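Order as written gives the chain letters A, B, C and D; numbering starts at 1 within each chain.
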Amino acid sequence: MIAIKLFGVMRDIVGKPMLDIDEQVTTVAALKEVVEQKYPKAKALNSLLVAVNSEYAADEQTITATDEVALIPPVSGG
Amino acid sequence: MIAIKLFGVMRDIVGKPMLDIDEQVTTVAALKEVVEQKYPKAKALNSLLVAVNSEYAADEQTITATDEVALIPPVSGG
Amino acid sequence: MDYSIQITEKPLVPEVAIQAVSTPNAGAVNVFVGTVRNATSGKKVVQLEFEAYEPMATKELVKIVEQAFRQWPLQKVVVCHRTGVLAIGEVPVVIAVATAHRKAGFQACEFIIDTLKQTVPIWKKEKYEDGEVWVAAHP
Amino acid sequence: MDYSIQITEKPLVPEVAIQAVSTPNAGAVNVFVGTVRNATSGKKVVQLEFEAYEPMATKELVKIVEQAFRQWPLQKVVVCHRTGVLAIGEVPVVIAVATAHRKAGFQACEFIIDTLKQTVPIWKKEKYEDGEVWVAAHP
């Protein structure tokens, strides 16, 4: 299981601050696919990135259960 | 007679804050010539401009005794 | 590299950042102050809310500021970003950059705010009289 | 054109200028703060003195600021220049520019300080331990 931190619009879409993914996902790309299947509204966003251990992660990066994983919808700080 | 306001290094060169020019000068160019003859150190400056009625004046601009005239050595504000 | 990065719920005071970067070696301080506008795209904004993913936001800010130090001859940099609920006129962000010569300060300060807005995981929700929206989320 | 220009012997406080330009319509304030450096060209500076030719300095500043308003969409501008004797670390100049969008603010603020240094009749004398010099006077 991977516990995923949610922020901003993603927290609103999912309805809670953490999302547990039980499916067997081992890469960033697979994780995004699962999320977008479960929450079609995520596909309508301008972008959806994944951070692994608080660094932006490329699609092919692997994820393990001990990583800190977060979904990063379009940022709008400043 | 034209009374000329002096600032910065020009006040130091002349040794006082005002300079009275008795010579018959009717243009900015003529005034600069008189000043540079009287005070050769003025020629060593990076630049020496003339303001008439608190506006930068071109060489050919005429000067009368009622104008407010100032010598403007290189500025260095900010 | 002499810098400080702060993500805080407390009100930001630009003068504090200016004082913090001012050194006897610096001749110029460039400061960017973001303020909460009362309208965007013609819609009246009543309140803003900022949320940050820490420590990733801090990490990303460190990257940006260190990149700026490599790119320009800087002396001191302070970046402060506020989180939580802000009223109109309040300050979400202050960036202060001290340099010996001013051109580098303008360029580095603009680089920092431009890049902050692109990469730092902070999110802004605008609240209107009739609803709210996460800025930039949707096309 | 909403601006204020001030040439004063009193200490400058950047926060006052920032407050003065901040409006609910502005989203960005760019500020340039000049400070007295402790050295120029490797020579130790102990004090600075600024002298202005008023009202010409004010007139020239008005021209610069109005030119900036014509060139960029600005909301409010404050320019303050100090005269008299300043110690190391004190502030000779503060320029604050409020805009709806930040890019114009950076550009206008840099234009104002660059042009100020070229055209406004203000003179700076640097005092060293062993003498003094009017800056920029000689090649």
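Just so it is clear, contacts are C-beta pairs under 8 Å (C-beta built on N, C-alpha and C of every residue); 3 or more make two chains touch, one makes a residue touch a chain.
Predicted, not measured: the structure shown is a model, and the values here were computed from it.
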State which chains count as neighbours of chain B and simultaneously of chain C. D
Among all other chains, pick the one whose mean CA position is farthest from the mean CA position of chain D. A
Quick check: how many Å separate the C-alpha centres of chain A and chain C? 25
Can you compute the centre-to-centre distance for chain A and chain B, using the mean CA position of each chain? Integer Å is fine. 71
Take the average of all CA coordinates in chain A, do the same for chain D, and state the distance between these two points in whole angstrom. 48
Of all residues in chain C, which are in touch with two or more distinct other chains? 34, 113
Indicate the residues of chain A shared as contacts by at least two other chains. none
Could you list each pair of chains that touch, in label order? A-C, B-D, C-D
Hey, which residues of chain C end up touching chain D in the complex? 13-15, 18, 22, 24-39, 88-89, 98, 100, 102-103, 105-106, 109-110, 113
Please name which positions on chain B make contact with chain D in the complex. 5, 7-9, 12, 44-46, 51, 54-56, 70, 72-78
In the complex formed with chain B, which residues of chain D make contact? 34, 50-53, 55-57, 59, 81, 92-93, 113, 116-125, 134-139
